[in-house]
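What follows is subunit A paired twice: with subunit B in the first complex and subunit C in the second.
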Partner chain A sequence: MKLDRTTIAIGVITVGLLAASPLLPKWAMSLLNVSLCYGTVVLGMMLLMRTGLVSFGHGLYYCLGAYAAGTVDQMLKLPDMALMVAAGAAATGIVAAILGLLLARYRDIFFAMLSLAFSMILYGLLVKSSALGSTDGFNISAKTLFGVALVDDARRYAGFGITVVLTTLSAFALNLYLRSHRGRLAEAIRDNELRVEYMGASVRATIHLHYVISAVLAGIGGALMAINIGHIDPEMTYWPQSGEFVFIAILSGTGNVFAPLGGALVFETIRSFAYEYSPNTWQMVLGITMLVVMIFLPGGLWSLLQRRKPA
Partner chain B sequence: MKIGTVLRACVAVTAALGISLSAQAQDKKTSIKIGFVTFLSGPAAGPFGVPAKVAAEAIVESLNAGKAPPPYQSKGIGGLPIELVIIDEAGGATKQVSEYRTLVQRQDVDVVIGYIGSGDCLAVAPVAEELKKLTVLLDCGTPRIFEDASYKYVFRTRPHATMDAVAATMYLLDNRPAVKRVSGINQNYAYGQDSWNDFEATIKTMKPAVEIISSQMPKFGAGQYGAEISALISSTPDVIHSSLWGGDLEAFMLQAQPRDLFKSAQLVLVAGEPYLHRLPGKIPDGTIVGARGTNGVFAQDSPFKRWLVEVYKAKAGLEPNYPAYSTAQSFLGLKAAYEKAMRDKIGSAIPMGAAKNVKEEMEKAYSPPNQEEIIAAFEKLTFDSPSGKVKMALGKGHQAVMGTAYGTTRFENGVVKVGNIKYYEAERVTPPEGVTSLDWIKSGFKRPN
Partner chain C sequence: MSTILHAKGLNKNFGAVTAANDINVAVEQDSVVGLIGSNGAGKTTFINMVTGYLKPTTGSIHFEGRDITPLKPREITQLGICRSFQIPQLYNSMTVAENLMVGIGIVASSGARWAKSNRLDVTPERAVDAMLEQFGLGDYRDRQSGLLPEGTRKLLDIAMAMVVRPRILLLDEPTSGVSADEKFVLMDRVMAAVREGKVTVLFVEHDMEVVERYTHRILAFYEGRIIADGDPAKVLDDVEVRKYVIGEAH
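Now for the complex of A and B:
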């Protein structure tokens, strides 16, 4: 198999991040951690956007992944990081496969609104369940990785390690998929569904598949976030959270699997410093960033890198 | 493309900024840097967050100038001026955990004071423990923090929410022993649900004959209460319990008043005290109001109360309300603990002449206390605040208890007055160590002797 540049870059970055982790200041590590978790969710958003769909309800899967991880920790008393992520991926995969039956029929604003509706249903359910802590949520604490007990700093590094590995693995797999026969259908569907059907491919099956993939990525991101943050609450499926994913996806652009990861890092960095330096107007800083990107870089931040390549 | 180049430069500058800021060197200790986290945006900013921020700024100015009443007269904290870093609590628990790490690891604060939302407190407490950073929870109410876990680095200088319901029920039954039918309207989120569950459990324990007829749970920030008001009217209660606060409370009062809901039913507002000045004319006479602890109109006159009223009024032009009292309590608690740690150090130093290295020993005794020493002094501390005496009695000495009060409103010359005030000592309205709130209520308020 011939390796493309993206695959090589993913490999280099994975090794680089893991090797650099002991040298990073602690705050930078947690910033990277959060960015990578967001990045994983936005990878899924990118796939949907390439297919011509915008989901305003991906918080549903992000939250579901986190709560699945929390259930494994709290109810089953199996606080293993790998198991928690697997539970997050499995739960979101199943739910998305079912909801996809309905959602794959819709496009544009109808798809966006329906996905938003489902995410708000989960929000409503969680707020009503006192046993799950209602709006306060609950704390979770991953204590092992593949059965190996972790304490203090080891836990932090393990959390970072599993986040880096799973995020880059997701990026690698998605990159592979996007270059495959079916993966290339995404843009074709966005451009002209009718033509895709005439070519003999099923638009609905492809959209359904892409919906499930993006949901599983969001579930993984949510479970990783739960592990790294140690607390989950229904805010994760509230609409501003879903909006934030759309925000990062637009900020990043859909040109390459690196775009969502880089975009999430830029977004988190700006937000974190805005919190620190303009506590009263941090939302405005993010808004202005968004405006600037939309006006001058309609293809997202990724187009900055793309222009270097000859067309 | 020119713009492309500019943007590329922007991204590079952002990255460089991050790196350079992390490389700042640390000087010798000349101040105490406190990270203060409170809502600066969102629905809780108006009623809670911003008053807390204004209070923090006013208190820090006054403490730094050495103008607080004794025993808080020393400048700043232990002679070192306080430096405040204020950040927004909005955005949910995930962001708050990230920002907490930023405060501790990038900004390198000495202490974090803050958090009004219970979810934020629950999320931040284990991280404080992981990062080993002294953290004083400002105002969140959930008893789960120290009932579900125990922490070394986390303190809460405010009492938790259980006493709201317990004291409200005692007050209600004292003043209206014939009460038969009770309804409730509470927001559908953790605090609203807990308030109602505590109240329901308390009243059923204290007076099993009372009938609970209707519990309305509008969503947080609903704004429209037409359906709930209809349901309350048709349930014909004697008493309506409510933990509504802020804009929700104002909207509910405004909509319920013209429909004569309060003609036959007496209202109990467990979180009503901070809004009295905003509700004149809308709050019916005979409404039972309280707020967690003896704040505002319930605070008894003391030099500490007079001090808070003076510094807050000078800054905000208003009487300090509930969050301002919370803020004062957290800063004074920290100051009391820090200065007690200083005294303990000097007190336990080897007496002059007895030591071999007198100079070194004395220098050590007079150096600023480290975090472990402050924590040791903070545990089980009793200190004075504008709301009265505060005892760090629960959660192994990390959770404050204090008395609370309820009163009845009366509209007089355009202002709401609170009369018939009754005080409840902490021991009567707070569960003992090691018993969760709901278990304590259901056990009939048992207390080991």
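Now for the complex of A and C:
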């Protein structure tokens, strides 16, 4: 396998973050945690966007991943981080495989709105189910990682560690996929579905696959978030959450797997600082940021880095 | 010579319009067939039916004896029937090389459903280079396909149809939008590629000089019917063809 620059950078960043974790102040670690979890969800959004699709309901899988993790912890009494994430990935994979049968037939605003509809159905179901805490959700607390018991600070570090590893692993795998023959079909489908079919490949099967991959990434992000925050509630599948993912995806651009991760970090940083320094106008700050990006960087923040490279 | 493609009693109606009216054609392997006819005569409709984009209202299409009428375009492509389009269908945001690589990639990762002849015997990168060379597109390699001149887009569209190494190639007006002096250059390239790959060709063409130069047989369409079929010289001399297709006053 040829090592491209992205793969090398992913490796360096993984090792760097893990090595630096003992030195990180709490606020920085939690900022990174949230950014990485969001980033993982937006990696999936990026794959869909490359395929020409925008989901306004990816909160569905983010929330589903979190609730699957929570169920493993609270109902099955298996509070292991690895198991919880695996449950999040499996649950979202299965649900997306089924919903994808329908969604892969739709495009554009219909795809976006249908995704939103499904996410709101989950919201309704969760709000109605008192066993899952209704609108309050419930607390969860992972106590082991691969069976190793974690106490106090170790739990925080383990949560950060597994988040760093799984996020960068997701980025690595997606990067590999996007460079594969199959992965290249994403942009081909976005450009011209007719030609893809007339070259002998199935557009619908590819969209279905990409939908499932993006859902699993969102599920992993949601499960990791649940582990790190220790609380889940139906807001995770409410429409503003899905909107946030679209926001970050557009802010980031789709040029490289680092775009969603960097974009999520920028988003979270702006949000935390704006929230701290002007609690009543932080939405306005984010809105203006988006406006500036859309006008000056239609390819997202990633295009800032791209321009420096000679073509 | 054996029949590779056989259309039997094809009819296609769009509301009151009859775009195909009892079309019966048996195409011999390795032949080059020209489809002529004025605007709206049903040439594109015929190609659309053979490649599965449109289903005939009645009638059937057979490829090497197998009924392919119910198949999807993708399945028909996998059998080795490929096409270019009257309006080039490219991946406009990609470069010329990337356009071809998509197709090569599909072939390279294709399963057992595909015809054996499709299998790549070189690396995908080599295969792309070979196609660029074969179609004289080397200079455009890294140019974005959406920004190319029309003639080059037409040529790339044909190359895209050749990527999966077809047994039958259907070209819809390959030389339209191409300047008069470049028409023969383009057709020479296509025909050279075709001969190398032993491909049966059907192409729609409005320029009778081009048709006469490259075909073994001509099908003349008029209002969904085939009004003449046979040797080029004979068909081009046919009274009805001269009247309805070539448009000569008599």
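Definition applied: the second predicted complex is superposed on the first by the 311 of 311 C-alpha atoms of A that agree within 3 Å, B and C clash if a C-alpha of one lies under 4 Å from a C-alpha of the other, contacts with A are read in each partner's own complex, and residues count from 1 in each chain.
Assume a residue touches a chain if its C-beta (ideal position, glycine included) is under 8 Å from a C-beta of that chain, and two chains touch if they have at least 3 such contacts.
This structure is a prediction, so every number in the text was calculated from the model and none was measured.
According to the stated criteria, A:230 is in contact with first (subunit B), second (subunit C), both, or neither; which is it?
First partner only.
So in the superposed three-chain picture, is A:292 touching just subunit B, just subunit C, both, or none of them (first/second/both/neither)?
first
Which partner, once the models are overlaid, touches more of subunit A's residues, subunit C or subunit B?
Result: the larger residue contact count on subunit A belongs to B.
Determine, under the contact definition given at the top, whether A:198 touches first (subunit B), second (subunit C), both, or neither.
Only subunit C; A:198 stays clear of subunit B.
Look at A:132 in the shared chain and tell me whether it touches subunit B only, subunit C only, both, or neither; answer first, second, both or neither.
Touch partners of A:132: none, neither subunit B nor subunit C.
First (subunit B), second (subunit C), both or neither: which does A:27 touch?
A:27 contacts subunit B only, not subunit C.
Looking at the overlay, what does A:87 touch: subunit B (first), subunit C (second), both, or neither?
Touch partners of A:87: none, neither subunit B nor subunit C.
After overlaying the two complexes on chain A, where does the subunit B footprint on subunit A coincide with the subunit C footprint?
In the superposed arrangement, which is not itself an observed complex, subunit A uses no residue for both subunit B and subunit C.
Quick check on the complex: what are the subunit C residues that touch subunit A?
My answer: residues 51, 72-74, 77-78, 82-83, 89-94, 98, 101-103, 105-110, 114, 124, 160-161, 163-164.
Hey, which residues of subunit A end up touching subunit B in the complex?
Counting only subunit A, the residues touching subunit B are 25-28, 30-31, 34, 127-128, 130, 133-139, 141, 152, 156, 225, 229-233, 235-236, 238, 241, 266, 268-273, 275-276, 279-280, 282-283, 292-293, 296-297, 301, 303-304, 307.
Spell out the part of subunit B that touches subunit A in their complex, as residue ranges.
Going through subunit B, the ones touching subunit A are 1, 3-4, 7-8, 11, 14-15, 17-18, 22, 40-41, 85-88, 92-95, 97-99, 101-102, 105-107, 118-119, 122-123, 125-127, 130, 142, 144, 149, 188-191, 193, 197, 219-220.
What residues of subunit A sit close enough to touch subunit C in their complex?
For this pair, the touching residues of subunit A are 180-182, 184-185, 187-188, 190-192, 194-202.
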